[in-house]
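Everything on this sheet refers to the single structure shown next.
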Amino acid sequence: MLLESQSLIELYTTMLTIRRFEERVAAEFHAGNLFGFIHSYIGQEAIATGVCRHLDPEDRIVSHHRGHGHCIAKGADLNRMMAEIQGKKTGYCKGKGGSMHIADFSIGMLGADGIVGAGLPIATGAALAAQLEGENRITAVFFGDGACQEGEFHEALNLAAIWKLPLLFVCENNHYGVNTTREYSLAADEIVRIPKAYHIPTHAVHGNDVEAVHRAAGEAVAALRGGDGPRFLECETYRWHKHFLSDTLEDLRPREEIESWAQKCPIAAFAAKLVERGVLTQMDLERIDSGVLREVEEAYQYALDSPYPEPEDALEDVYAP
Amino acid sequence: MREITYEGATQEAIQEEFRRDPKTVHLSTDLYAELQNEFGAERIRVTPIAENSFVGAAIGLAGSGFRTVVNIRMATFGFVAMDQMINHAAKIHYMFGGQAKFPILYRMTVGAGISAAAQHSVSPYPMYMNAPGLKIILPSTPYDAKGLFKTALRDMNPVVSFEHVALGGMRGEVPQEEYFVPFGHASVRREGSDVTVVALAKMVHEALEAARELAEEDISVEVIDPRTLVPLDRGTIFESVRKTGRLVVVDEACQTCGAAAEIVALVTSDAAVFGRLKAAPARVCGLDVPIPFSPPMEKFAVPDKVKIVEAVRGVLESRSVPS
Amino acid sequence: MLLESQSLIELYTTMLTIRRFEERVAAEFHAGNLFGFIHSYIGQEAIATGVCRHLDPEDRIVSHHRGHGHCIAKGADLNRMMAEIQGKKTGYCKGKGGSMHIADFSIGMLGADGIVGAGLPIATGAALAAQLEGENRITAVFFGDGACQEGEFHEALNLAAIWKLPLLFVCENNHYGVNTTREYSLAADEIVRIPKAYHIPTHAVHGNDVEAVHRAAGEAVAALRGGDGPRFLECETYRWHKHFLSDTLEDLRPREEIESWAQKCPIAAFAAKLVERGVLTQMDLERIDSGVLREVEEAYQYALDSPYPEPEDALEDVYAP
Amino acid sequence: MREITYEGATQEAIQEEFRRDPKTVHLSTDLYAELQNEFGAERIRVTPIAENSFVGAAIGLAGSGFRTVVNIRMATFGFVAMDQMINHAAKIHYMFGGQAKFPILYRMTVGAGISAAAQHSVSPYPMYMNAPGLKIILPSTPYDAKGLFKTALRDMNPVVSFEHVALGGMRGEVPQEEYFVPFGHASVRREGSDVTVVALAKMVHEALEAARELAEEDISVEVIDPRTLVPLDRGTIFESVRKTGRLVVVDEACQTCGAAAEIVALVTSDAAVFGRLKAAPARVCGLDVPIPFSPPMEKFAVPDKVKIVEAVRGVLESRSVPS
C-alpha cells in the first residue's frame, strides 16, 4: 500500500508535533517549571504515529506511563494536554492526573497509566466492548518491553486469543525497563515468541521507520476489523531521554548505544526520505516545523494562562454522580 | 410475601437489570447457566482463572460504555486482582478528572464458618474501605441483597459487594414488585434504649439473637445494620448512640483497622455524641489471626451471640469515670 | 533406564497408598465425618509418584490445592496427614491448615496451597535457595492446567529461565479447572508452547503411565542437577472425583469422558504390567494392598484418637518467636 | 555524632546484617550497585518487573532457610503483589501450624508531596494492618530507620517497612556502634501535658513543628511516634492520654479504616483511659480521596502543621458534656 503525499505529510507532522511537544516539556522541566514524573516519548514517535493513523475516533487505545505520543497521535488537544501537565484546571483531568494520567475518552483515548502492564487487561475490556458493539471497531494497546514481564501481559494475551478480541497489541520494545535490559529480564529473546505461543499472529518491525510501522499496523488493523482475533506488533525502538525527566536519576545505558540510536532518528530519517522522494522540500519542512512550534508555544501559553484548581477541588470526582 | 434465597435475590436483580440494559456483561470463572441461557454466551461469559485480567477488563468495558458484573467468588481471589481494583477501578474516575464513568459491580464472598481455613475465610472489606473511589455494600438479608444490587446496577461507580458465605442459602421475604435499597441508609433492625449494637453482615443475625436473649433480662438493645459501608450512614448510628449512650460494634473481620474501628472513631470523635457516651464503646470483632481450619479454633476466632451478650453486659456495667 | 523390581514395587505401593488414602478420605467425607474443602487426587497418582521418586529429602516440592498425593509421594506421615484433615492437634499444622494446607518442611514438602497458581512464584524462591546452596538440590512445583491461566505462571517461568533455576515445572493437565475445559480457557492448545517461548525444555508425557512419568522426570531431574536451568513436564491426566468432595457441587464433564478415563486407571494398568512381567503375582498385589489399607486404617484411627485443639490455640502461631 | 541520611541508614543496616549472615538475598527491580559490589550478583539480584513473583520468591527462600530483603519500591506496586503478600506471606506461618519461619523484609515507599498523582502517592499501611501475620514498621528518622531495620533483619517473620518518600534524604544522627530499636516501643518525641498527639511517619515532623508553635501560646503538646504499627505500643499512648485527657491522631493515609481509627478505637474502648478523656478525640488524616496531581489540591489532601494546630486547638476548646 503506497501512501499519498498528503498522508505522508500528515504522518511526518504528527511525529514532529510529538517531538516538539516533548522537547518543550523537557526544556521546561529542566528549567524547573514542571514537576512530577514525566516520561518522554522522544525517539519512539514513529510507533504511536504509524499505528494511530489507522484508527478512527470510535476506535479506542490504551496507553502507558510514556503516553504523550499516543495522545497526540490519537488526536488529543495540545492545549489541554499541556494544561494537564502543568496541573491546571483546564487540563484534560482538571489537574488531577498530570503527565502520567492523560486521557480523552471523547476521542477513544482511554488513558495513560502508571502501573507497568496494567493497561493490558483494561484494553481487553475495551476490545470486548468493541466486539459486542459489532461495528468493526478495534482497540490498540501500547506497552513496553518491561510490561511483557508482568503476569498481566500473559493474561491479556490469553483472554484476547480465546475470545478473538479485536485487540492490537503494540509492544514498544526500547530494550530497557528503566536501566534493566530486556535481554537480562525476559527469557524470550524475541518477544513475539510469547504471543505466538497463544497462536496470535505477530509482526516485528523497525519501530523507528514510520512507514514500516504504518504498513504492518495497516495489515493488522485490517485483519482485526475482519474479525480475525488479536494481532501483535513488536516495534524495536529506543528512548532518547532518561527513564523519566530528572536531574538526578542515573542513566546506566552505554553511551555508544545511546549515540548510535540518536543516528536512527525516526523523524530525521523520514524527512530525508520525503525530500528525496520529492514529497517535501527543505522549505516545506521548515514551514511545517514553524507551524508545529507555534502550536506547541500556544499550548504552553494556554496552560500558563490557565488557573490552578482550587484546593477544595480535590474533593470532587471521587464518585460519579 | 414470597420467600426466596439471598443468592436467588441477587440473581433476580441481575436478571432484571440485564433485561433492561443490553449493554451489560457478566464475567466469572464459573458458568452461570441460568443467566447464560437467558442472555447468551456473549454477555454471560466464563473467564479463564485470571482474576486480575477480568477485573481489569470490566474497567475497559466501563470506559467503553458497558456495565459489568464481575463475580470474583471468594474474597481470597480478590487479592490476585488488587492492582486492577485499587490502582485502577478505585482511582480511574478521579485521576481522569471525572471525564468517564465506571459502572461495575464486583462481587466477593466473605466470612468464616465453613472450615475453609486461612486463605478462603477472609473478610477484607476494611481494606477496600481504605481505598476511596469504591462503594461498598454488605447485604445481610435477601431483601437487602436484591434492593442493594438493584441500586448498585444503576450506580455509575465501581461497587464492591461482599456477601457472607453463610447467607447465600438464607431465605427471606422479597417483594415481587421492583424496589431499590438506597446506599447510605442503615436499617434499624430492632429498636432499643439501653445499648446500640452496630452489626455487619452475618453478625446482624447474631446480634438480633443476642438482643432477644438480653430482652429477657430487660436489657433493651438497638440493633443497627449499616448495609453499606461506603457510603456509611453515620446519622442513624449517631442518633442511636445519642439515645442509648452505649455502643458495641460487632464485625467478623479482623479487628485492627476494621470497619468497627472506623465506626468507634466516628462516634467518639463527634463532640456531641461523645458527650452523651455513658461508657467506653466496645468492639466485638474477629481475632487478629488468620482463620484456622479446625472447628473449635475457627469458632473461637469469630464473634457470636455469646460474645455479643457479654460485650453488651460489659458496656452496661462499666461506667465512665468523669475526670 | 530400566527400573529394578524393588523400585517398580515401590512406585506401585506409593500410588496405591495415595489411592487408598484418598478413597478413605472420600468415604469418610461422604459419611459426614470430614468437612471443609477436600480435593481428591484420585486418577493422578502416577504423577506425584513418578516425579517424587527422583527426589531426596533435601529436594523441595511445592504443591497445590490437590495436594495429598504430593505429600504421600514425598514421604509424609499418613497419621499426621489424616490428623490434619480431621482438624486434630496432632496434625501437621496442628489443625490450623486442614486438607488444603498440609506441609512438612522437614522432608522438603513446602506446602499445599489454596490459591491457583500461587505456588509457582514460591517455588522459584525455593529453587533459588537450592541454587545458592550449591549442593545440586532441586525443587519441583506441581500445578494444574488451570494455573497456567494465571499471570503468576508466566512470571515464574520467566524468572526460572533467566536465572537458570533448578526448578522442575510439573503441569498436571487434567483438562479442567473445576468445570471449564482447558480448550476453552487457554489459547495455547499445547501447554508446552508457553514454556517453550521462554526456551525452557519441555517433555509431554502420558500422566497416567507411571513409568513414562518416571522416565521423563528422571531425564529432567538429571539435567536440573547438572545446572542446566529449568525443565517443564506436562502430564496429561484426569481427575476421577468432582472438583472437590461435595454432595452438591455439579460435575459438568461429559459422562462418557469420565468413564473412558476410568478405563485408564494408572494403578490398574501398572498392576497388570507388573503381573505380566512377573514382577508381582496376584497374591503379592493383595498383600501390598492389605498392608496399605492397614496403614490407612491406622492413620485414620490415630487421627480419630487424637484430641482437637483448644479454642485458644487459635491465638498461637500468628507470629514466630 | 555523625549524621547520615535515612536512606543511607537503611542501607547500612542491610550491609551489616548481610555481612553477618551469608544466607541473605536482596531482590528489587532496581540495581543496588553498592550492595552488589560488596555481596555479589548472586545475592543482590535485579528482578524482572514482576512484583508478585519476587514477593513470592522471598517466601520460598524463607521456607528454605534464607532471609530476603525485597524492595518493592513504591507502595503502589505492592498491590500487584497482594496475592503473595496477603494470601501467603501473612498467613503461611500460621496455616502450616508454625512449623517453618518466614524471615522477610518487604520495603515500600509511601506518601504524597512529590506530584506523583493518585497511583504513585499511596499510604496503604492500614490495609496491611488488617492482615494479621505481618509486622509493620514506619520509621520516621534515620536513627529509627537503621535501628528498626536491624531488628527487622533478626526477626523471624515477614516485616513490612513503609518509608515516606519525603524522608529518604533526611539527615540525622546515627551512632557508629551497633544498636537496635525494638518493635512495639513508641518514642515520645516531645513531652507535654495538655494534649497527646500521636503522629505517623512524616507527620511526626509536622506534629513537632505544630507543638513548637503551640508552645508559644503555652499549649503543651506531647508528641508520640509509635514507630511500629504492628506491634503497636498501646501502653505509651494510653499512659499519655491518661495524663493529658486529650488525643489527636495524625496520619497521612486515607482516614477511613486507617491507623488513626484504630488508635482512637483502642484508646476510647479502654474503660480506664476513656474515663480520663476530657474531650472527643480528633483525627487529622489524609482526605478520603485519591491523591490529585496538582499542588494546590495535593497539599489540601494531606495533613500538615496548620491542620494539626487547628485540631489541637479544637480538642482544647471542646468540652465533654457529661451526661
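Should a chain be cited, it is by its letter among A, B, C and D, assigned in written order, with residues numbered from 1 in that chain.
By definition in this document, contacts are C-beta pairs under 8 Å (C-beta built on N, C-alpha and C of every residue); 3 or more make two chains touch, one makes a residue touch a chain.
Keep in mind it's a predicted model, so treat the numbers as computed, not measured.
**Student:** Taking touch as defined above, what minimum step count separates chain A and chain C?
**Tutor:** Each step joins two touching chains, and the minimum needed here is 1.
**Student:** Starting from the Cα centroid of chain D, hunt down the chain whose centroid lies farthest away.
**Tutor:** It is C whose centre lies farthest from that of chain D.
**Student:** Could you work out how far the Cα centre of chain A sits from that of chain D, in whole Å?
**Tutor:** So the centre of chain A lies 37 Å away from the centre of chain D.
**Student:** I'd like to verify one number: the distance from the centre of chain B to the centre of chain D, where each centre is the average of its C-alpha atoms, in whole angstrom.
**Tutor:** Roughly 29 Å, centre to centre.
**Student:** Would you kindly tell me how far, in whole Å, the mean C-alpha position of chain B lies from that of chain A?
**Tutor:** That pair's centroid distance is 41 Å.
**Student:** If you look at chain B, which of its residues touch at least two other chains?
**Tutor:** Within chain B, residues 47-48, 50, 52-53, 76, 80, 83, 87, 94-95, 117-119, 132-133, 287-290, 292-293 contact more than one other chain.
**Student:** Using the touch definition from the top, which residues of chain A touch two or more other chains?
**Tutor:** In chain A, residues 93, 95-97, 101, 113-115, 149-152, 155, 158, 162, 184-186, 318 touch at least two other chains, as defined above.
**Student:** Building nodes from the protein chains and edges from chain pairs that touch, which of line, ring, star, complete or other describes the result?
**Tutor:** Looks like everything touches everything, fully connected.
**Student:** Hey, which residues of chain A end up touching chain C in the complex?
**Tutor:** Those in contact with chain C are residues 149-155, 157-158, 161-162, 184-189, 193-194, 196-200.
**Student:** Going by the contact rule at the top, pick out the chain B residues touching chain A in the complex.
**Tutor:** 23, 25, 42-43, 45, 47-48, 50, 52-66, 68, 83-84, 87-88, 92-102, 132-133, 135, 156-157
**Student:** Residues of chain A touching chain B in their complex?
**Tutor:** 60, 62, 91-97, 101, 103-106, 110-111, 113-115, 118, 120-130, 132-133, 139, 151-152, 155-156, 158-159, 162-163, 316-321
**Student:** List the residues on chain C that touch chain B in their complex, please.
**Tutor:** It is residues 35-37, 87-88, 93, 95-98, 100-101, 113-117, 146-147, 149-151, 177-180, 184-186, 252, 308-315, 318 of chain C that touch chain B.
**Student:** In the complex, go through chain B and note every residue touching chain D.
**Tutor:** 76, 79-80, 82-83, 85-87, 90-91, 94-95, 117-119, 124, 126-127, 129-133, 230, 245, 253-254, 256-262, 264-265, 268-283, 287-290, 292-293, 318, 320-323
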